[in-house]
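After this come two complexes, each holding subunit A, first together with subunit B and then together with subunit C.
The block that comes next holds the complex of A and B.
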């Protein structure tokens, strides 16, 4: 992967030095929004890889509603990350929820799911694992599993949010913005946008389809203080191109 | 103007009157309502500690942040939290608002609950029960100030969470009961207006003596697609905005004010709008691309324009042709009148149009009728 290209995204997220600095996203909520024209799955893959490649005490709890484990394993191998090995080393806890269904309006199922996550997180904290990242792929399917009960899904996310404040977990969630485009006030997506500390949105280019540029990515980082009194750029916009073994990020107009 | 808001809450309620109530409302276009909320919270806390406030204590109902977050925030802003038990109580509606954790412990699914630093807070495990919520708030307040005449103020960090679980009428009842309680000095809350129907914001607005709305500085930037060209403009507009405040007086009069704010490193600061900006903001002129206002020179020039038919006061009689020809004039132009044709005067210096009526009996058109105030 082009080290320089990945820095644009890492810089926007505050993850500048790979592997040497502590995971700086502890206690923060990241919301990824995409649409049919520009899938943001590559962002999940990137964050998964970064979370596992930093300090060895980092653990990822992955709620998979969209794809089976084999899919992520295949994709991450091309990015240079062996998910099967990480799973064996208990650095990756993969919760396969492909066929999950929550009867009775979804509340009891979501309560049980939260309970499972909290149990895992509490146990990891007791083992001195400082950085735990919870990744949800994706929220629209969680809503489906809960029979459309978006209120219960919001309650579940609220409880997951308490894990970020109490245990310093990082919460990453992917949602498809265009699913809610016909709704006047889509509660789930609006609530999430208020909840998120970092909002990442992929969109097609204003000029339409292009061979060399697959879309544009906007990152709104609501945290402005980097702990040393300096305020960083807070809104980032750059283009991306998805390749076979990675993603290239570049400033608009800089593509040769 | 943010200071005016804080002053109103600090001064509290008059005897026999409902407590002043503040709604802070924002939207995703300018989502800095929480920053305004924490600013007001900090100012009120400072006034309580300094003994300058009517209220002797503060009950904070926390839905979106943990109690320890607020303790850290107040400490970072110079508020003495060591003595917090004497002046602040936090009703924790954040950690377990629906009792899920209790259910999991009961069912044996989790063995230990998260331990929050307990600094003067108690927990609410069912935010759907408005009556229980009201009782909890009052009990916490009385625990701070006692049963006597000393009052306490109430801060709700968001009403959105309770609106997700309860109807607007039950939430209104809660707020109304709090406002009318003899020991409540003032109350304020945050509302994200785009999460609810317009009527919800309207209902809460009617119940408020002050409504502070957070708006973007540049309204035309709403919905603008972010790209490299407008990135710096979007960034500048995002962290700056307007605080639009409506004060409702007891006599019914409404006072509207505006102030600019800037958020830097999660701290909000306010600046007064310049007089020019304030005049423009108060104007009801729509914001369009062409100028609808006159400069002073333009106003003077307009005053000098002589309007037709206006009394000039110069003693000269002004004769206006009303379409009727005198007998002499009609005899001189007998040949052209019979045809009723338009005739132009053969005069190389100017042209004119002479309208000849078909009949002298024809009444003049209504717009040719002379007006009393004109020189006709």
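The block that comes next holds the complex of A and C.
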């Protein structure tokens, strides 16, 4: 069932060799940025699928503010992953936050939300679940839910970040970069970009729309360890084409 | 004979996998791919461009141009189409008397009027098929095949903007008009929408009816709530969430020039389908040289985003900019832009998606 063939994206993320080192993203923060022209939702779907398809002790906590469960279920089904079954096996904790409101500045609501996540995570750790992945789709809607209290959302994210260091969770968040590009000092996105270990950004092609290339993807992977034990940043840039059952990644100009 | 409201849809237990097939007993609805159901926008060309129409459960946002009221054309056709199909309508506008707007809604074209000679208006061009405009003629054939011309039971009507909608369509319990002029906050409008949605809950069963919400000029400055941007964002988010679980479509128009760029971007991200309309300056010599049929154009329509439910594959259109024309000054048509043959044309063939090669000082971003 699992597609073992690695592609350019998995390579960039360090997700190769699924058999030996299943989930190399433990303790890492992944930030996905996109824009109106090019949505990066497909990256979330890919990571969700990968997180759920490795060793059976992998659990995903999904904070959904953007789409209802039925949407993800149908999309992932075409990618070869049955979300409904994973939900029943308690490998997927799906928090439907489409209508969640955090009134009064969002502070108490977000604190409660963090408390809930932390409780779930520590309970899972005690059950010996090695890898927990927290996915947030998407952060800009969390800001709206908090009625504009970006500071509280940032605090919430900082707390979630502690989960990566304390419990080795993986934190994946999607945000729309073009919202912040006109702001002077957008703390939310700046802090996240700083904290992120892996930055993925989708953009439209400079030449405009095309039916066979849907956009370009840049992956910045900080602190990758090469053979000699040295860490270095690596930047990858490739083009992609999204299909129902997967995404093709290829070097710019080629269609490998 | 009105659409038979008593008959239920087929009680088959098999999951349907039809593409763009109309429901025979509900002409106002059409099945699309991935389990979506479409209702018509009221503009045949727009339905085609969007792959069927507006998907139920989606939020359509139209970015207005402060210099031209073209968004009203879209709204009028959308509202009229819903009334012709007896789909309940909730209309909110910043005017004091929104009901008055209903009198300006267009009526469907009467069957007697000849439709198919539309593109052959110019007798000179009939015999002369210019190669670089060939796609225009292919489109004609598709049009006459797609629509079944049997009067009332069409999925999408052609609306005659010069003829007001007949009274009997406007009577009835299913039209609700709200003025948002004096609202200091959006709670009342939110509650009206929430109540409206209860009529169309989405479950896995058959669709009894579909609803339409039209909100005009949402952040208009004369409305008191308009200076609290987070409240407006919160309303849009809430509208979007509510509509996801209901069989309705909401069309919201707004002037982005009145918003902070970051707020405008947030709205654009929240839209499932995003369109923008732009005015065409009168007597712009550069544009006149650049485009054919410039004199007949009323404005431009851009398609930025098309709703995609239950799939991750984006919709890539052949072209995203269309000219808005009024055929015979009565019928709204959208046409792809045709680049006029210029001496220095560097092979920018029709239909490619590269941006316009000649420098456009007007700054309009035309995507052929």
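As a convention for this text, the second predicted complex is superposed on the first by the 239 of 256 C-alpha atoms of A that agree within 3 Å, B and C clash if a C-alpha of one lies under 4 Å from a C-alpha of the other, contacts with A are read in each partner's own complex, and residues count from 1 in each chain.
As a convention for this text, a residue touches a chain if its C-beta (ideal position, glycine included) is under 8 Å from a C-beta of that chain, and two chains touch if they have at least 3 such contacts.
No experiment lies behind these values; they were computed from the predicted model shown.
Trainee: Touching A:39, do we find subunit B (first), subunit C (second), both, or neither?
Mentor: second
Trainee: Taking the superposition as given, does A:140 touch the first partner, subunit B, the second, subunit C, both, or neither?
Mentor: Touch status of A:140: second partner only.
Trainee: On the A-aligned overlay, A:190 touches which partner chain: subunit B = first, subunit C = second, or both, or neither?
Mentor: Touch partner of A:190: subunit B, not subunit C.
Trainee: For A:179, is the partner it touches subunit B (first), subunit C (second), both, or none of the two (neither)?
Mentor: second
Trainee: If you stack the two complexes on chain A, which partner ends up touching A:85: first (subunit B), second (subunit C), both, or neither?
Mentor: Neither: A:85 stays clear of subunit B and subunit C.
Trainee: Per the contact definition, I'd like the list of subunit A residues that touch subunit C in the complex.
Mentor: 36-39, 41-42, 45, 67-68, 70-71, 74-75, 78, 98-99, 101, 140-141, 144-145, 147-148, 176, 178-180, 182-183, 207-211, 214, 242-244
Trainee: Which residues, counting only subunit A, touch subunit B once they are in their complex?
Mentor: 111-112, 114-116, 118-119, 122, 151, 154-155, 158-159, 162, 165-167, 185, 187, 190-191, 193-194, 203, 206, 216, 218, 220, 223-225, 231, 233-235, 237, 251-253
Trainee: Which stretch or stretches of subunit B touch subunit A in the complex?
Mentor: Against subunit A, the touching part of subunit B is residues 28, 31, 65-66, 68-69, 94-98, 100-101, 103-104, 107, 109-112, 114, 116, 160-161, 164-165, 192, 194-197, 225-228, 231, 234-235, 238-239, 264-266.
Trainee: So in the complex, which bits of subunit C are touching subunit A?
Mentor: For this pair, the touching residues of subunit C are 34-35, 229-231, 233-234, 237-238, 241-242, 244-245, 260-262, 265-266, 268-270, 274, 304-305, 309-314, 316-317, 320, 353-355, 367.
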